[in-house]
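The structure is given below, and queries will be raised subsequently.
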Amino acid sequence: MDLAANTLLSAGASPAMLHSSIESPDFTPHVHALYINVGTLSDNWLPAMKVAAELASRFNKPWILDPVAAGASGFRLKACLELISLKPSVIRGNASEIIALANASFGSSSTKGVDSSHDSTDAVEAAKSLANSSGAVVAVSGAVDFVTDGNRVVGVRNGVPMMQKITATGCAVTALIAAFAAVDPSHALEATASALAVFGVAGEIGMEKAAGPASLRMHLIDSLHGLDLTTVISRVKIDTL
Amino acid sequence: MDLAANTLLSAGASPAMLHSSIESPDFTPHVHALYINVGTLSDNWLPAMKVAAELASRFNKPWILDPVAAGASGFRLKACLELISLKPSVIRGNASEIIALANASFGSSSTKGVDSSHDSTDAVEAAKSLANSSGAVVAVSGAVDFVTDGNRVVGVRNGVPMMQKITATGCAVTALIAAFAAVDPSHALEATASALAVFGVAGEIGMEKAAGPASLRMHLIDSLHGLDLTTVISRVKIDTL
Amino acid sequence: MDLAANTLLSAGASPAMLHSSIESPDFTPHVHALYINVGTLSDNWLPAMKVAAELASRFNKPWILDPVAAGASGFRLKACLELISLKPSVIRGNASEIIALANASFGSSSTKGVDSSHDSTDAVEAAKSLANSSGAVVAVSGAVDFVTDGNRVVGVRNGVPMMQKITATGCAVTALIAAFAAVDPSHALEATASALAVFGVAGEIGMEKAAGPASLRMHLIDSLHGLDLTTVISRVKIDTL
């Protein structure tokens, strides 16, 4: 939550973190985008996530799902599938998570931690299948990030490997996707690819000064805050595949 | 919680973070100050907050409230008002939060995120009114911070704008107010103004080395830890208004 | 949780953070080690901790306990003792925590925050006694860290004092102990002493560049990520006592 909020503030967005379903009816109708992250899921948080997702859908607000460790347990997989039935605009995960969701069957033996044990390329077909079944834009993070609406597939080749050695960079870039989707909800694929590219560019610039994962984390956020359009345009690597 | 705890440790205080009402009867009577932050409020945390606040009042310990996003929902506003009825020593918020509490009416259309959408100057009258009705010292953070006991009004002109681009700086300075109030509970207005000024000075010194919000966060805490009295005295800008 | 996860990632481990007892039956049997930290204990988290600990024991996985602020309340002390009855491989705390557990009697007047108010040397006898009664390896952090299986006592003389001015360094080193114990569960004492030494070496190297607690935190993680075996061997200070 800390890194996601600092990412949003650095990018000029205005985050608020709410957990309680009691607050959603007052708050969710006024947001520009909703971001749900199942990272430390518990049974009393899930109903609040569903209430918020339903409200976002009803009030036509884009909502974005980060299905953290979707394959780690049957409970978590089921929770993610229930949330996906509430029509997220975008789902972003790593290859393991997207494959688990697309398969919708629990393969416990391949489960590791929240970091990914599959290449993102393995997950392109799974992502297309999930996009088609859910109606969401699906993004798979990895050495190359892939974004698809089920039909088009876009590759984003920004970022540096050390970003995977910082906890919550995935969660943070999903937050940034929500901010980008808030600006133009009708172009969720473009918003998602742009957010992934911009976050990756910030990581690349940060890496020039970093001596390890912790200083990269700092320089990445500083770089994100200082980015100008010229730099972004000269560095972004987005290809239609 | 992370930034607040690191702020307290850097300043020489000894923080402990407890959530459960079961622990309060054993723990709260031994603290020097209690800090309640409603940031990620949930319905099961609120009773624990009330138990801790009641114990602090009964044992004559200063307790400090950060009414994060007080106007974001009816539930949150009501929770803050209930906590305020338990006699906090100090309430610190941004202009939007203090105005929401003073109005004690829910104006959903003006609600943004946890960052402020009002100037602190707008909130001075609201702060005086809230101080008079609650008996607490009320502080409003902004470009200029205002502190009032309902009668006197003090302005603090330290800090740098980029501190608002770091999540939880408000929460952290409220923690520092609690530490300062612990030293001399009978001078809550002076403690509050001093904590705001010292935190702002740490931000100013940190800004000299910072390249963005994340490095400012680091340098701010480093500076707070390294502050000496001469530096503080030469830099503090507190005016009676 | 943030610092612990970043410590593990920097050291090459693969952390996942789960809170819910519903997930444990699916997830815990597949971990290489389980780490339970009672930092912000609440009554609904305790049952999940017990379920996870029981599963780890049943599936012969090492599990590591950080009894944060064990003496802060009767509830917390009882919770820690209940967890200890579920056979952790390693318990790591500061002197106050280990003494509270060994005495298993609540001395509220000596309770401070989560930082330690006893020297680690005071706690050696308490640690031996706790190791013997629990069957766990017990580590006491301090200016010198002590590790004992109830019979052997090992001292670790790495680290720098400023590490105590960063919140969660204790929690982070316990996470690292879990990662080391995962590699060779049958040598828990050696794993524990090595993890404490390596984390201390990372702190020493980090301190060479640090200007305060926040930059130390960053440089410590960077150093941990960059450590090579030659550096570790030349710097580690472990003595059999």
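Details
Note that the chains take the letters A, B and C in the order they are written out, and that residue 1 is the start of every chain.
We adopt the following convention: contacts are C-beta pairs under 8 Å (C-beta built on N, C-alpha and C of every residue); 3 or more make two chains touch, one makes a residue touch a chain.
Remember, predicted model here, so these are calculated numbers, not experimental data.
Where subunit B touches subunit C, under half of the residue numbers in use are shared by the two copies, so each contributes mostly different positions. A rotation of 120 degrees, rounded to a multiple of 5, brings the CA atoms of subunit A into register with those of subunit B. As a whole-number value, the distance joining the C-alpha centres of subunit B and subunit C reads 32 Å. Multi-chain contact residues, meaning those touching two or more other chains, occur in subunit A at positions 2, 44, 217-218. By the touch rule above, subunit C contacts subunit A in their complex via residues 1-2, 5-6, 9-10, 13-20, 22-23, 25-27, 29-30, 44, 217-226. Put simply, subunit A touches subunit C in their complex at residues 2-3, 39-44, 69, 72-76, 106, 108-109, 111-115, 164-168, 210-215, 217-218.
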